[in-house]
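Just below sit the structures, each encoded as structure tokens.
Next come two complexes, and both contain chain A; in the first it sits with chain B, in the second with chain C.
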Partner chain A sequence: MVSTKSIASQNFAALSRKLRAFSSVVVTLLLTFIGLTAITFTIGRVMPADPVLAVIGDRAPQAAYERVFKEMGLDKPIYEQYFRYLGELSRGDLGTSIMTSQPVSEDIKRFFPATLELSTIATLIGVLLGIPMGVLAAVNQGHLLDHFVRIFGLIGYSVPVFWLGMVGLLVFYGKLDWVAGPGRIDVYYDGIVKTVTGFILIDSALAKEWDIFHNAVSHLLLPSVILGSFALAYIARMTRSFMLDQMKEEYILTARVKGASEVSVIWRHAFRNVLVQLITIVGLTYASLLEGSVLTETVFSWPGIGQYITTSLFNADMNAVLGGTVVVGTCFVAVNMISDLLYKIVDPRARS
Partner chain B sequence: MNKILKQTLECVIALTATLSLSFAVNAETPKNTFIMAKDISDIITLDPAEVFEFTGGEMIANIYDRLMMYEPEDLTTLVGGVAESWETSSDGKSITFSIRPEMTFHSGNTVTAEDVVFSLRRVVKLNKTPSFIITQFGWNADNVDELVVLDGDKAKITITEEFSPALVLNALSAGIASIVDKDEVMAHEVDGDMGYGWLKSNSAGSGAFSLQTWKANELVSLKANSSYRHGSPGVERVIVQHVAEPSAQRLLVEKGDIDLARNLTPDQVDGLSGNNDLKVQSDPKGALMYMAANAADPILGNPKVALALRYLVDYEGMTNSFLKGQYNIHQAAWPSGLWGAYNETPFSLDIGKAKTLLTEAGYPNGFEIRIDTLNASPFPEVAQSIQATLAQAGITASITTAEGKTLWPMYRARKHQLILARWSPDYTDPHSNLDAFARNPDNRPEAKLTGVLAWRNAWQKDEMNAMVDAARNEIDLDTREKLYHEIQSSLQMDSPYVIMFQQTEASVLRKDVNDYVSGSLFDLIFYRNINK
Partner chain C sequence: MISDIKYLSYIGLKAWLLSSSPKSPAQARCQRVYLAWVSFRANPIGMVGLVIVVVLVLMAVFAPVLTNSDGLEPNLGNRLQPSSWQHWFGTDQLGRDIYDRIVWGSRITLYIVGLVSIIVVPIGLAIGTVAGYLGGWVDNVLMRITDIFLAFPRLILALALVAALGSGIENAVLAIALTTWSPYARIARAEVLSIRRAEFILAAQAQGASSIRILLRHIVPMCLASIIVRLTLDMAGIILTAAGLGFLGLGAQPPLPEWGAMISTGRQFLLDQWWVPTVPGVAIFIVSLGFCLLGDGLRDTLDPKASDR
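Up next is the complex of A and B:
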């Protein structure tokens, strides 16, 4: 018989553990963001590119230069500029972009869904094809399928996405006419569909503009497959490697001795243990596609966050670079947290 | 396993092909829409009081009518835009403009002299970068209300500096002289900003097109103004699609998904010349490529060294190879094809002559030097060619390339030795370039005349300053043109500049597209006559 006092004490201990875990997450998040913004801010301020010239052009007289220099707060010490930026950030104000003349938050609302749409589909391609390919390669180690997956993995991971994109466009758009060309939709459709979510597939479907939906899919197909092939190659390679490790374990032998079917051995026993590691791999792949698809975005004229940050960086538009970095950082942290959560669901040991 | 693999592969290929074919789209632009691919990442504003970028300048040229204009039908004759006629006072200090009757803005409001006065005052009061084009007349925020005034139903301007009326009229054909709809702009004023925040991404003009959308790094969409004073434009809509990658532009124009590709490389243009669905249009531009020597440098400050450099450039070799179709030889400070141009080309690669000059200057064995330039093609290639020819005279040159935002601060701070750069006129009067290349009223470092090329290169000659002032003030056009020729001739022989090339822009259009007009200045590109 457990006393009420001891139950209360156990509840309190559990609550206290949860609070400690929560505050630890909050502190980690805060430290991550402060580190991220501090480093990006400092790099932005010490690099030789001049943000004032981005506003006034290189021919402006010195008086105009000095006026804008002050207006941008660049005459203040760097720590003061940084704390001012943090203050504005805490109020949700990411500043105004020099390049677009719009609040950075508005730009992100426009550019980020384009990247999210592309990266999500690319990751899905990577997961849905890469995992079965990796598993099949592992269980057929040394056979033709294994060699195929390994070579595919090597090519997919080592061929530059930029080159793959250009060749893809040339063959599938230029020659075969299977897909649409660069851009998110044909530009003459611009402005017809009202922006609700920022995802063109969803917005066009909501508006029942099926021609535009069809056109958007056609535009999305090639960049997502190209980007997806990169994810696929990595995921397949890692799945194969994890599976090979698991297939050597004694519990696999035990399962086989107990008479479990081969399908059961592979998918129920080996793969369940691989899943934990794969969550990290898929999470990292997804996060890296969210910020690292800049080359694909450039080749396909895809108005995404990677292209936004890169163009802004070249033009010394530091508010935009910082805003974009904060968003990408948030994605990384969010993906990591989701991965942690999934661990606990998939792996009972992690729950304790 | 091989069978399974084969079947799987067959399935994947069949599925991909089926899916793809079901989503294939017809490659053809709508008949009433003109679509152009261009790198538009340079647009940072569409307010005519602030626009100083190439693509932004091109957009406002089609959205706004200016006080004075060059029309696409004749790019060599300055005519009235919003102004129907004008009258210059006997002392040349005042000009009174009569406004075209029954002209309307996109909003439906009538264009009046009040809009003209407001637009010019607004430029001066906002004091953005291009405002110097009219503040050089002696206008500032304190006096502009007295110097730009309403005179009945006319607009009257008065200048306080000595300027030729021809120059003033030419300057009033620049983008900053775009006439904005006062009522519309002021309806969007916030905290006394004269509509600045709003006009950055909206339009209030009377031009052939109104701005429908500007999505930075994505597209600009313009809608035809059916009540335009020259009649409705040839197409209902113009879309400028941001395509930064030239190869993607090539594919788009080949497939017919766009009507015009603007940023193709010379190789790509060559590759498309045999395509019967396309045509290539070459237009001379005002941009000059030049190399400047910092006169504060102990070696480069020697005029004989500067002169020797002119003989150490393989002008013909470059224009016949990697610059073919992109740049032509031009060695004067004002571009060919514009009034006042000086087309003499006295220099060619002559190693012997250069060596003689270097020996006379005291450098028979050459010296070491650094060339800074942009990291975008063709600047690194040109720098490499110059590096090779300099080496033939014993000069060892190192090359540093950088983004403009990194390069220009160094140039403005006089920290270069040799710099390879480009310069385009701001308006169609030779004063626009020669004021920058030749006139340096104060060479002291603390003067910080950073917008002036002569100052950036620490070069000053009193007689040259006097010549530029005289040409600027001269009323007689023939005398003025002669003065500008003399200035350019003098700059060729004695200055820190090795002016080498003038740009030519090759655009690739679909064959059915006609009457795309691309003038020599970045803001003399017109869409209103385009038809297909």
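Up next is the complex of A and C:
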């Protein structure tokens, strides 16, 4: 009786600990979101000399100016304006873009899948190749692969991604003609496939337009491999270093003494502990690829949100810039928090 | 000091640096630096990084001697020349010597990383040490703020900020600094927490030293090693972000020979005159790599705990 009771109370304690961890993540998420919106709000409504001009442009007539001034609530105190801004955000209202004269949220719906497609595939490349490479490098410390991972990691930290993309285009598109050039698909394929998910690979496969599918793969290949190798460099380096830490632990020695095979020691004992730490690393990689899209998309003329933000920026389209910033920022924060949360759920120390 | 020098000349420099009973605080300090240097020297990777960074600094200092032009004056009769004895790295679309521009650009790179460091380190140190030393609600509030900044997307925020403030080096620096300081606060706080209860702090408190004095004289110096290591490791990221902003046209403006902006303006010549955008990229790569390697070496020397081999 006593033992079942204590098990029940243990379970309860574990649950409440998990809940507490969860709520602390949610609180951080909320605070971070408030911080993020406070900054975009400051950039958009407080910092510009005249926020109205920033929205409607300086050629608008006086009547329009006054109307927008009222509409933006600029006659109200600043905190009220901020709450208004939060309200608009929560309804998905990011204002209207001057450049496309459409709601910014509509634009972002159109552009975001391209970014998501690219960074997801790049992350996949990084995870699928980087983790095994890191493990093998740690197990064969000092061998060729180990040096390769270390050097590759250093290069990944030091090469400007936009430059590598450019050189990649020069070599593989310009000189060798192995892959398609900038853009997501060739122009004459544009608009043939109906947009269902926004992911061109899925959409074209659904529509059974295999020519377009191949064309899209060919366009996607270079940017995703280049972004993927940055992900790979980071993931492999971190996996290697986590693995080295684990392989020094005593439980590894115990497993070996008990006669476990080397494969089992590496993958079943050491790697399972590394896996927990890797969740954070993969989350971080994914988030930074989403954010880093600004540079890659410019190089590859990739019609994603990064390019949307930069072109809007040069057209002084503040609503679009800030809307994009909020969306990318929220995704960045959310991915980070989700990986944090997963870490807390999966980590056996937080569980027991 | 005079007795130091007399003593030094008596026993010789090396013995003075290695003596097991230093005669003055200055001697003890010199000994620490010397021992760190000895251990750093044995690290080939760190030395390569040091050489790269020193060459960068020398390039910036001696730019007028090393170049034939100021890298700004167009010379249209000479445009897009390939590499030659006269123009080592060729010339760009306005006929300016790319080598000269790279050398002058080293000043901009150093200016950016220097300015970011000057902003970021004091802010991080102040917030981190105050939070760690005072504890309680001050710690809570300051660390929440730090966490918020830690979770921010760096490039996107820099972009939005530059969009509001206008393009230019100083605004790019400000934007980078705003998104870079938070890890320093974390590091400083962690260091403070580990030494807050140390006896030398208690001794200083018992002697009636004020909090500010304890923070500045006793705690901050203890944080500097890990801060310097982190800063060196961050340099590559700072250089890459600045170059990225330059590339997008939001950092340094043409005709300034900022390397990222050089890549951006040279982009249209990629297929036929590949050297125009390629050479500045190599420069960015080498300099970032140099800082990475130097940081790795410094970490092994100054902060062996944190080194991941």
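In this section, the second predicted complex is superposed on the first by the 263 of 352 C-alpha atoms of A that agree within 3 Å, B and C clash if a C-alpha of one lies under 4 Å from a C-alpha of the other, contacts with A are read in each partner's own complex, and residues count from 1 in each chain.
Here is the rule we go by: a residue touches a chain if its C-beta (ideal position, glycine included) is under 8 Å from a C-beta of that chain, and two chains touch if they have at least 3 such contacts.
Predicted model only: the values in this text are computed from it and were never measured.
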| item | value |
| --- | --- |
| Touched partner set for A:31, first chain B, second chain C, both or neither | second |
| Which superposed partner A:107 touches (first chain B, second chain C, both, neither) | first |
| Touched partner set for A:217, first chain B, second chain C, both or neither | first |
| In the superposition, chain B vs chain C on chain A residues touched | B |
| Partner chain in contact with A:174 - chain B first, chain C second, else both or neither | both |
| First, second, both or neither for A:166, with chain B first and chain C second | both |
| Contacts of A:200 with chain B and chain C, given as first, second, both or neither | neither |
| Which of chain B and chain C A:62 touches, first, second, both or neither | first |
| Contacts of A:183 with chain B and chain C, given as first, second, both or neither | first |
| First, second, both or neither for A:116, with chain B first and chain C second | neither |
| Common ground on chain A, meaning residues reached by chain C in one complex and by chain B in the other | 47-48, 166, 169-170, 174, 298, 314 |
| Interfacial residue positions of chain C with respect to chain A in the complex | 144-145, 147-149, 151-157, 159-161, 163-165, 236-237, 240, 243-244, 247-250, 260, 263, 267, 270-271, 274, 277-278, 280-281, 284-285, 288-289, 292-293, 308-309 |
| Sites on chain B touched by chain A in the complex | 1-2, 4-5, 17, 19-21, 23-25, 27, 29-30, 33, 35, 41, 44-45, 52-53, 127-129, 132, 200-201, 212-213, 215-219, 221, 237, 239, 241-245, 247-248, 251-252, 254-255, 257, 402-406, 408-412, 426, 436, 448-451 |
| For the chain A and chain B complex, residues of the former touching the latter | 47-51, 53-62, 64-65, 67, 97-102, 107, 110, 140, 143-145, 148, 166, 169-170, 172-174, 176-183, 186-188, 190-191, 214-215, 217-218, 221, 298-301, 303, 307-308, 311, 314-316 |
| Residues of chain A defined as touching chain C within the complex | 28, 31-32, 34-36, 39-40, 43-44, 47-48, 154-155, 157-164, 166-167, 169-170, 174, 241, 244, 287, 290-292, 294-295, 298, 309-310, 313-314, 318, 321-322, 324-325, 328-329, 332-333, 336-337 |
